[in-house]
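Before anything else, here's the structure in question.
Going by the order they are written in, the chains are A, B, C and D; count residues from 1 in each one.
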Amino acid sequence: MYAVEMVNIVKKFPGVLANDHVTIRIKKGEIHAIVGENGAGKSTLMNQLYGLYHPDEGDILINGQKVTIKGPKDAIKNGIGMVHQHFMLVDTLTVAENIVLGSEPVKGLNFDIKEARKQVKELSEKYGLFVDVDAKIEDIPVGMQQRVEILKTLYRGANIIILDEPTAVLTPQEVEELFEIMRKLKSDEKTILFISHKLHEVMEISDRITVMRLGKVTGELETSKTNPKEIARHMVGRDVVLRVEKAPHKSKEKVFEIKDLVVKDNRGLVAVNKVSFDIRKGEIVGIAGVAGNGQTELVEAITGLRKIEDGKIYFEGKDVTHFTPKQLRELGLAHIPEDRLKHGLIEEFEAYYNVILGQHYKPPFSNGTFLNHKEIFEYTKNIMEEFDVRPRRIQHLGGNFSGGNQQKLVVGREIRMNPKFLVVAQPTRGLDVGAIEFIHKQILKMREMDVGILLISMELEEIFSLSDRIIVMYEGEIMGEVKPEETTVEEVGLMMTGQRLVEARRG
Amino acid sequence: FKAIMVTDTGGLGDKSFNDGTWAGVKRAAAELGIDAQVIQSYEQADYVSNLTKAAQEIQKEPDGGIVYAVGFMMTDALFEVAQQFPDVYFAGIDIAPSSDNVPPNVICFLFKEQESAFLVGYIAAATTRANKVGFIGGIPIPPVERFRYGFETGVKVFNDLHGTNVQIIKGYTNQFSDPKKGKDLALSQFAEGVDIIFHASGACGNGVIEAAKEKMVSLVGKDDLKSILEYAFEKGGYFAMGVDVDQDYMAPGVVLASAMKGVDTASYLGVKWAYEGNWTPGIHKLGLAENGVRMSPMKYTKGLVENRTLAELAYLVTLIKKGILTVPETEEALKSFRTPNIVFPF
Amino acid sequence: MNKRFSAILIPIISVLIALAISTVIILLIGKNPLTAYSALIRGSFGSKQAIADTIIKTTPLILTGLAVGFGFRAGVFNIGAEGQMVMGALIAAAFAGNFGFLPPIIAIPLTILIAMAVGAGYAAIAGFLKAKTGAHEVVTTIMLNWIATYFASYMVTGPLKVGSGTPKSPEIANSAQLPILMKVGAIEVSAGIIIAVVAAIFMYILLNKSTTGYEIKAVGFNPYAAEYGGISVSKNIILAMAISGALAGLAGATELMGVHHRFLGELSGGKGFDGISIALIGQNNPIGIIFAALLIGALRTGSNEMQFVGVPKHMVMIIQGIVIFLVAADRIVRTIMIRKKVTK
Amino acid sequence: MRVLEAIFLVFINPLFYKITLTAATPLIFASLGGVYSEITGVVNIALEGIMLMSAFTSVVFTYLSGNVWVGVLMAVISGLAFSWIHAWGSIKWAGNQVVLGTALILIAQGVTGFLMEPIFGKPGQTDFVGKVEELKIPGLSNVPFFGKIFGELSPFVYMAFAAVAFSWWLIYKTKLGLRMRAVGENPEAADTLGINVFGIRYFGVLMSGVWAGLAGAYLSIGEVGHFRELMTGGRGFIALAAMILGKYNPVGAMLASILFGASSAFANQMQSSSLIHVSATVKPLFDMIPFILTIIVVAGFVGKSRAPKADGIPYEKAS
């Protein structure tokens, strides 16, 4: 018995065949993973199941019955719920309001907020999905936002739940929690469609796997009978190196140092509390930590985007504490930001203007007054070539690139600045394995070139495989500093939850 | 023969010089059996081109015609265009040339607004029981200001002749088209203790009149002419004074009097003179003596004013007509104005 | 459909639809639509005089359109072009009255410069408040418009008043008046139109070729990314408002120096507001703005001619309104065009 | 210090408060209209035009029927109809909302001017056609001070405040209000929950027509009893500012409107004060007070007012 069957689905976008006769069958009560490169057509397929897009050809069957899904309303009626790749939450409303939105409990003429809170609380307890019902979405961390999204589907009584890349923004702990929830849902007879780029997650949680590539299904696998290597080959069409090799770090010369740094967050609370560390030439220092423990503020302070309350920052020995982003860039700082749409890119700018952001006023791109478009175009072509940005069109608008390609554009821009010091935050969020491999290689190349690198990532795997030293942050403070080869994921994990290194070592 | 009138941006429906001019032109046209047409201006930049087009239309007529430029805003445009078309008659209403040598094809009609305003000022001073009267102007442009000079002079003369101390509160709406603004300003003046307000503020004045009516009706408790007049006779009340035309009809019993301006008379005369070839170019200032301005007949409210006051007023009118009493026309003249020695013959 | 092609076609079809709608109204008031429309065309392009009129009306509209359009490109909604235009012209008039001793080569640029500087400064108030306190520029510029109106009214009925007629400032010195390109009777077309076109070219270069334009656009599109890229957000917001205000001030200057030769109470006459629709019809593109201004300018000029055949001026406001409406909701027009094609 | 004395006298004068209320009333209605439209994500710069249309219709129908309440009703209906055009252009056809708004203002000015002659036989302004009577509260008028303020007030004033209370309830306490706010902030999210984004936006814009319609009716048959071309005098724009100043919240918009009403009442009262003697030419400067005050308030005390995230952006469904 299949809960969902999508048969011979074809979906075209102008110039793109996003789904090319895709057939996928999901058994009732299973966790079914869908994997594939960026742009393979996974989200498009799911959006059709949820009624956001309409297939050009093909049929959708729910519990064996052929259905037409005209819009989300129909999907909800058919017991389908979806957690979108980009969250669909109303920032200014509370958690409870977001969850009940569209099928609100009422009392007389009034919206019954009490009842809403009660129901949400019950549901949240039943599935162990902890949320703060009265908090506004804009004030809660992404992990909780994710739980809100899941609660939204449960509140509507969904039996078929689509999770489109739910783990891309979660910490390992949160991923574990999510899996716990998914198992609970599964034991509750719910069917789950799970999209992820992380093969180990897929291996851990799914029952079956559908692999997509270039709009087509390239493989249907039983999880228990396959391995990551095989999946990756189906996805990318070649073997992928998932482990990186690097020579040990040697240099002793400090390139960057912060001392007793204090920074506040948007609400005016201390987010970074007396943090000190340094970074040497050709060294990658990784900062591990659960999101919301001051990493974002730390990066913003270091790169001149946030006011520094107290403490000092030195760049090659020079005090740069209150420097503007421009001054810091002049000295040789580059920054791959965690939120590429907020800081990294100007969506309305063409690729060629995005590529010069930060150096736009300097030769050869400008003579101080006028831009030199010839140089800019040439430069952009080179970067797109070197970093394999697709489509290879310099006039393509920043916002129209896929996420992976946006990231490549930003990485290319910052690396080609020839920095002395590089701040890299969440560099591979939402990217497929091929792209991750590529970006990791680029970061290591910078290390070879003696650039000091600060890496912030919630992916412990990424931190472990790239860093020379690992610093763990918790509630704005440093819990300890370790070398990857001298520690374990468990130890770092303990520090991420607030135990100091000594305590963690003690067990 | 044809008469074409070009309005200023206020356009028809201003209940003031545009409407008045058009009424006079139409009357003349009907009497003389000629064509009359009106062109409304959308913005300042239209004046020159509309006047030019009008003059060109006239040139097409075998026996010529006259172009009217209405409103002080068109001063410059009128003289520029008139020079280009010496064979076309031009008449300016409320237009004061900057120099005295007006081209031979141009007549400018100006009004001695101050003279009619003097009369209503005198009535106001005689009628107020609060010893405070108000003036509300639109934008302080010359005609508005002339109304004020006259009103202030009327009050002053009454004070001087009768030993009273009636004060004047003055305000401006700074525009002519928002009745609510006029109403709010009038209510503010009433709140300051004023009981009669004279307005020279275009459509804002509708609001002034409405404010007076509202206050009055609330005092009287009834909204019919008889009750209002009975109450007012006994205890006074709140009044407005109209401008340009007889505004009695807007709130019978509440509009005490109006300072009227005979724009239609002027425009009527202009067409007639041009048609009959009886053309005297230059500036024509029309005052009480020329029947260019007057006070409304006070159809409803005459009974509220003492007979003696009306008689005094009639006498003052003769003094003004004879030129014995000159109502100030400028701020300076107002400042230096001293009430002459007037002895009423009764 | 070709993008450039439809950018031209849509306004044209919008005009045709608007005319179709107003045909009904004209018939209802018992006039002949054909006479009315031939008057409209005759009045806007039919003679030397008509063309002169159209140019005169188009000039300030181009400049206010550029002012608002520049603001939009920089992410600010400058609803205050009206006030900036008034202030620029007013202060320039106050100075230029005394420029008789200067030769035109100095007096003209100087007067322009004053108007632009005042417009810029006045707009920069709103820019500064937005950058420093977050005060919304729509609120502040609306307020500044009123302040400018009342201030101007005060100046021309008070300190700057001359003569006994129109509230007006003294005539500016001859040497500060713009040279005349074309004279048809009393109608004088000044070099203002050249200034407007140059301003459009300037805006094009500034926005598309210069580093400053790059920074201003970056801030307008995404202030966070701009800041990240080392661009000062508050400096550029103020600068963008100032440039927008300078263009509005320039509109005041051309009206002052090329048309009225003195400051008059109604000098702006809503042209600052017209700038909003012109900017958006022209898609905030300098060349587009020139044509949008020409469209509105021609409609207004033609409307005066329509009055000679008995169609009141309000009719033209309605036509203009419908045209602007249809250009804004261009999909209506596109849908109609596609349907036409299908049925063919 | 005569000026201080004059200011003091203004504040103890009950009529100052009454004029404040009546000056604020049209702004409250209109800014409320703005709130409804903009929280659902549609910029409504057309308020000025809607008000003008309704001011006109209410006078026309009062004139034709002889009953002011018919006029009020028709003002609301014409507000609905006129805002429907805005909704149609900006929601159905995804047009640029700001341009559509300016177009509608122009159309309103044209249509009202154009219809004067055929309906009333003369252009410019109508005669007095009738006015909504003030509400007299019997005992109240004898109460010192407050009696002077509330003893006789136009029912519109009470309606305005009732409308604010109603709107606050509707927007923050009902399911519809929740959906309105959701749609203005994130229409995609609302759409994925099966909410009819277009429907909600239509509702918001149409309601803005209702309120702006009442604002227009108040200006004509509520206050002066006749219609005059362009009689709204830019209040639509001031209401827009009040809405932003009030942070897109009905209560905030009301407070901003009152601030504005109070400062213009203050300016009027000061220019009418017999204690301070200023020359006539300086009087225009008094009219700047409300605008300067507003700038000071918005810059000094209010700070950032955040528009709903999707405000002004047409929502387009994917296919």
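The criterion applied here is as follows: contacts are C-beta pairs under 8 Å (C-beta built on N, C-alpha and C of every residue); 3 or more make two chains touch, one makes a residue touch a chain.
Note that the structure is a prediction, hence the values are computed from the model and not measured.
The chains touching chain B as well as chain C are D.
Centre-to-centre, using mean CA coordinates, chain B is 34 Å away from chain D.
Averaging Cα coordinates per chain places chain C and chain D 28 Å apart.
Distance between chain A and chain B, defined via averaged C-alpha coordinates, is recorded as 76 Å.
Averaged Cα coordinates give chain A a centre that lies 46 Å from the centre of chain D.
Shown for chain D are the residues that touch two or more other chains, namely 281, 284, 287. The set of chain C residues touching two or more other chains comprises 150, 153, 157, 312-313, 316. Those chain pairs judged to touch are A-C, A-D, B-C, B-D, C-D.
Chain A contributes residues 303, 305, 324-326, 329, 335, 337, 342-349, 353, 357-358, 360-361, 366, 368-371, 373 to its touches with chain C in the complex.
Within the complex formed with chain A, the residues of chain D that make contact are 173-175, 177-179, 181-182, 185-186, 188-195, 308-309, 318-319. Within the complex formed with chain C, the residues of chain D that make contact are 85, 89-90, 93-96, 98-100, 102-111, 113-114, 117-118, 234, 237-238, 240-241, 244-245, 281-282, 284-285, 287-288, 291-292, 294-295, 298-300, 302-305. The touching residues of chain C, when paired with chain B in their complex, are 49, 53, 56-57, 150, 153, 157, 163-167, 185-187, 255, 259-260, 262, 264-267, 269-270, 300-301, 303-305, 307-308, 312-313, 316. Taken together, the chain B residues at the contact with chain C in this complex read 9, 11, 37-46, 48-53, 57, 72-77, 80-81, 83-84, 95-98, 139-142, 174, 330.
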